[in-house]
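For reference, chains read A, B, C, D and E in written order, and residue numbers begin at 1 within each chain.
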Amino acid sequence: MSWLILALLVWLGGWALNIWLSRWDRLRAVRIAVPVIFGVTLLVVWEALVRGFGISPVILPAPSVVAQTFAASTDLLWIDFQQTVVKGALRGFTIGAIAAFVAAVLIDRSKFLTRGLLPIGNFVAALPIVGIAPIMVNWFGFDWQSKAAVVVVMVFFPILVNTVQGLNEASAMQRDLMRTYAANYWQTLFRLRLPAAMPFVFNGLKVATTLALIGAIVAEYFGSPTRGMGFRISTGVGSLSIDLVWAEIAVAAIAGTALYGIVAWIEKRVTFWHPSQRR
Amino acid sequence: MRSAAPVLTVLAVIVGIWYLAVAPMNVRVALDQAERAGEAVVPEGSVPRRAVSVWRLMRDNSEFVHLGYALERPRLPTPQQVGQELWKTTGEMVQKGRPFSKRGLIYHGWITLQSTLWGFALGTLVGILGAVAIVYSRTAQLSLMPWAIISQTIPIVALAPMIIVLSSQAGIEERGVPKAIISAYLCFFPVLVGMVKGLRAPQPAQLDLLRTYNATGLQSFLRLRLPASVPYLFTSLKVGIAAALVGTIVGELPTGAISGLGARILIGDQFGAPLAIWSALFAAAVLAGALVTLLDLIQRITLKRMGMAT
Amino acid sequence: ADDVTLQLKWVTQAQFAGYYVALEKGFYDEEDLNVTIKPGGPDIAPTQVLAGGGADVTVEWMPAALAAREKGLPMVNIAQPFKSSGMMLTCRKDAGVETTADFPGKTLGVWFFGNEFPFLSWMSQLEIPTDGSEAGVEVLKQGFNVDPILNGQAACVSTMTYNEYWQVIDAGLTPEELTIFKYEDNGVATLEDGLYVLEENLEDPAFEDKMVRFVRASMKGWKYAEENPDEAAEIVLEYDETGAQTETHQKRMMGEVAKLTAGSNGALDPADYERTVASLLSGGSDPVISAAPTGAWTHQITDKALN
Amino acid sequence: MSLNTARAAIVSAQNLDLTFQTGDGPVHALKGVSLDIEKGDFVSFIGPSGCGKTTFLRCMADLEQPTGGSITVNGTTPEDARKARAYGYVFQAAGLYPWRTIGRNISLPLEIMGYSKADQAQRVARTLELVELSGFENKFPWQLSGGMQQRASIARALAFDADILLMDEPFGALDEIVRDHLNEQLLQLWARTEKTIAFVTHSIPEAVYLSTKIVVMSPRPGRITDVIDSPLPKERPLDIRESPEFLQIANRVRDGLRAGHAYD
Amino acid sequence: MSLNTARAAIVSAQNLDLTFQTGDGPVHALKGVSLDIEKGDFVSFIGPSGCGKTTFLRCMADLEQPTGGSITVNGTTPEDARKARAYGYVFQAAGLYPWRTIGRNISLPLEIMGYSKADQAQRVARTLELVELSGFENKFPWQLSGGMQQRASIARALAFDADILLMDEPFGALDEIVRDHLNEQLLQLWARTEKTIAFVTHSIPEAVYLSTKIVVMSPRPGRITDVIDSPLPKERPLDIRESPEFLQIANRVRDGLRAGHAYD
């Protein structure tokens, strides 16, 4: 009972603190502190609820237990991280992103192709592509190649569609300007259309980062070497090492957030001029 | 409609490439089969053949290449095989008068659709409420927004078994619920982001106008923010329903393998029936297309009614 | 009627025919039970479902149950309809596997998710490392199908006598092309498909009584299924919600499963138990369980049910 | 600087100060602004970009809080005046809600203020007539030209009985010919309704043509540099703009402007 | 309609027609437009919205293909003239690329035309000085005021040696004072560089103040209704705008405009 009251108090306290803090929402420190406090509050409430209700650790372990497991299994987590994130997700993401970008620029040369491929690309981008995971495992084997293949296909279409759309973003006036200079195709591409497309390209990249991890992990369910985050998660559930499962989830969340953060950071640098990035 | 011709052309090209790709993809299996049937294949034995490239195999055994187009367990089925399988599990079922047979995709599509719609409803609700909180409370904005992003980087598949157990502990036995929760988990994010944008779409001048009327918070929400957000809402609903479908299928892959298109993919995999996987994938594509098109239609009608059609 | 929820270890198939027969034939009704059968799946851990209160009783393999017991989840075996183990490793001769001595350097497909324990103790008995080192075997987490052996990704895959083995055969490989290692024959058989409940529940006489009736009816179902395999298979098909199971396959599976249930009246044979524990304890550097468990099985139910 | 402190003052600002705190440091948007507006006045504010015209209007309407000095409207605070619905505010862009028809745009303030349905309908009809838009009630804003939209937004501000009409560059986006036409109409409307109008513009002829009083402002910090009471008669045909008095006032305004202008 | 067919014509349009095919049927944007522009002319185009001013400029610059009549520029087709880089085009909005600094925006055409690095730097410096923006070279467009942006876009058009400057409402978005100032500067610049300028505006005083020739157009279909050769001297102080000649031309323009105007 006292744990539940503690949970309630921490929740109210954390929220009140945040309300008070967010009065200085222009300060960088506050913009960081508030979500951190929110996250910490969540963890404390989780801990208190698990203890308060006496929830079995094989169903939902307390964060403190997860933290211990995390600290005790860093070697394992590191191996899995390399297998799934570095080899599967990142390689797939890179290949998929480059392929999509190049394809977009090529498609863009032909009005016909653009008109034909864009609706199809848009459609495919809305499909549950994860479903191809078993096929990819069959085609590309059990190691990271099949995971990367799933990721390639998953990230390809959102990036393609966004890039093609972005390449058409330059206003008619900006294009006319290039025409009055009698600029050729490549000059217009590099000096006008690619820079103007960047905000869109990065939108696609950001969507793709979250897809990449899901794809790599799901694909491991259909076969993997005896390492990898998806492998460890499913094995962990099977052997009731739920604390290890949560440690893997934490790694995934950290990796995903970092990946997203890196893309957002590069975006900030590349599209500094865009109104959404100023202010 | 202007793009009908290009789209069809591109589709035709894709199908063409697909047909061509079947030969190299399936040649090894075809040769194994031929060899087992007593034919002479060069080189002999599937293990030695692994060292030889598919192109050489196709050249040296050209008489068996056609076998790759009619395999029972192809690595890559032909479009025609997929089409036949789709027909067998949908149209033929209807003809036989058992449209909702468990052996047909209509039943499984329906299961998936139900979860998707529940997840979509739940996700949309959470997304909209979250957006309202974020737009109206600085604290909510600062606290929730980063976590909304982080939430999407968590592999929900990992949560699936725990969601099942926790929801059954909470007394929910319905199999669809965990799927719907996963689906809502993926769906709420685009809706949240879109609605935050939409609810913030009114210009300061439009808000100031209401202030000069001394309008209440509720009045300005209902008369300004909400209608102004409608175009954004629809755009994000379309993304959201696609995400909800992905969520349902991801949820069906490991959480039960009982029914639904995701389960069909899994079962197809378990029994080494690639055609079942491919036909379930295409059924999912049709479902996604139908849902998005439907929303698009509603969007057009609504915006037209509201005088906001572009 | 009293409600009982049974969590299966895997999808609806003839492996669980006894329970479906008991349900369909009204054996449960006769015992005044209202039984719900929950099919399992790749990501459903029966142990976890049991812990979460999602089921009263579950079908599980003993290694997983004992491992869960060590993790602090006190599961108890109350009945053991499967006498022998159906697990085996199926290998291709053309990949160079004829005896266990051929394993090192080969790639083997293994089921994980709690099903890897018998394999691991077998390998440690053979003193073959599984960590990917030179002298050892390369272990793959096998998916749900036997593709790896068909397309050469693995030299051996895990199969059950009643299920995956026939998929290998159906795919065109002939028994002559295959080498088969049954766990039974290699002295590493572990008990499969027992019925498990939570220890604390057994103290409740009402629950105990429910289980007595449940086991009695279930065994009646199993014996009926053994005698009428085709009918049992058809009943299973009826309950299959995936719509993917085929009649031939289920009938064949029922036939094979009957061989495994034959010889069990439902009561656990303590000798089998000891053999399983010994095999699991022998896991070399990394045994599945670290100490012989106590109280992991009981005849409390079967004694009442079967007499 | 001319300081009228007549009793009939409807708006009275004394030494008003407003400083915005921004990321780049404080911006002194208004400094020591004192001004009285009398009932029925048509006051134009003119000055280079950033001199605080909008800010001053917003202070009157309680959309911005002064950081110093005092301002009263109808003898009370701007907040009370706002709550008493004393203002009709017309923004630069028409700012009609695209999802409402013209009629429903005009009835928006009426709905909010709780007028009865019948009253709403009657007032919408009346104001539509006033701005010569009868018959366009069921059109959506984008079906109207820019000038018509701007008239609709004026109608919206007239629909309820606000004492004071605040207009912030309402015709800024329109072309000269349409603008002339609307100027004429606005004058007629003002004559008919006897509202008090505060009007921001960038155009010297517009300011001179419309106003009874022209307030010239200069930026950094925003101050009033000149207040000109117009000697022009209330009745003003368009070609009054070529009369010598007109040109003379225009020149005085231009000089005032140029003095305070930094060009960019 | 006045038709100068002098030999020094730099642009010569004969009976130009342009019809856009739109979803709602054809739009006759230009109909029988004939006009000669001589070297060193400053020609203003004025007319209500939609009368085809922009379309005519775009025809000159080979951005639009006439559907009838003929047009030559420098004695060749507009396309050849464009390829010979004869045009400096200044659009209504400054249209600077936000990802380039002011300096690099101005060097954009130079890069495309393959000027050497050294030449680029020198030309950028010179044109920046010409438009009084020295020192802002490394700022980004959004860090500058509207007027400064517009000057930068003029600098961009001046950086290379285009014979003809086409300016489509370049000052439309600026306030009157800034506009006056830029008008003065533009006149000086024109006097110094002796370019030929075609200039679109909505403002009558601006057109009269700047031009040697004023072209008045009317819509539906777009036609030239009047061409006025300005008797004003080349040297024009700002207060020339109060001179009787000025007002007289202005009135002629206004009458011409009103005749073709539909008000809304």
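Here, contacts are C-beta pairs under 8 Å (C-beta built on N, C-alpha and C of every residue); 3 or more make two chains touch, one makes a residue touch a chain.
Per UniProt, the chains are A, B = ABC transporter permease; D, E = Sulfonate ABC transporter ATP-binding protein.
The structure presented is a predicted model; accordingly, all values stated were derived computationally and were not measured.
Separation of subunit B from subunit E in touch steps, taking the shortest path, is 2.
Common neighbours of subunit C and subunit E under the contact rule above are A. Interface comparison, B-D versus A-C: the higher number of contacting C-beta pairs is recorded for A-C.
One copy, subunit D, sits rotated relative to the other, subunit E; on C-alpha atoms the angle is 175 degrees to the nearest 5. A separation of 50 Å divides the Cα centre of subunit A from that of subunit D.
Subunit D and subunit E have CA centres that are 34 Å apart.
A straight line joining the Cα centres of subunit A and subunit B is 18 Å long. Note on chain placement: the centre of subunit A and the centre of subunit E lie 49 Å apart, centres being C-alpha means.
Of all residues in subunit C, those that touch two or more other chains are 42-43, 45, 48, 51-52, 143-144, 147, 151.
Within subunit B, contacts with two or more other chains are made by residues 75, 157, 161, 165-166, 169, 253-254, 266, 268-269. Counting only pairs that meet the touch rule, the chains in contact are A-B, A-C, A-E, B-C, B-D, D-E. Interface of subunit D with subunit B (complex): residues 58, 61-63, 82-83, 85, 87-89, 91-93, 95, 97-101, 108-109, 111-113, 140-142, 166. On the side of subunit B, the complex with subunit A involves touching residues 2-3, 5-11, 14, 25, 75, 138-139, 141-147, 149-150, 152-159, 161-162, 165-166, 169, 238-239, 242, 245-246, 248-250, 253-254, 261-262, 265-266, 268-269, 274, 277-278, 280-281, 284-285, 288-289, 292. By the touch criterion given at the top, residues 56-59, 134, 137-138, 141-142, 220-226, 231, 234-235, 237-242 of subunit A touch subunit C in their complex. Only residues 48-49, 144-145, 147-148, 175-178, 181, 202-204, 242, 247, 251, 257-258, 261, 263-264 of subunit D touch subunit E when the two sit together in their complex.
On the side of subunit B, the complex with subunit C involves touching residues 28-29, 32-33, 36, 45-47, 50, 73, 75, 101-104, 107-108, 157, 160-161, 164-166, 168-169, 253-259, 263-264, 266-273, 276.
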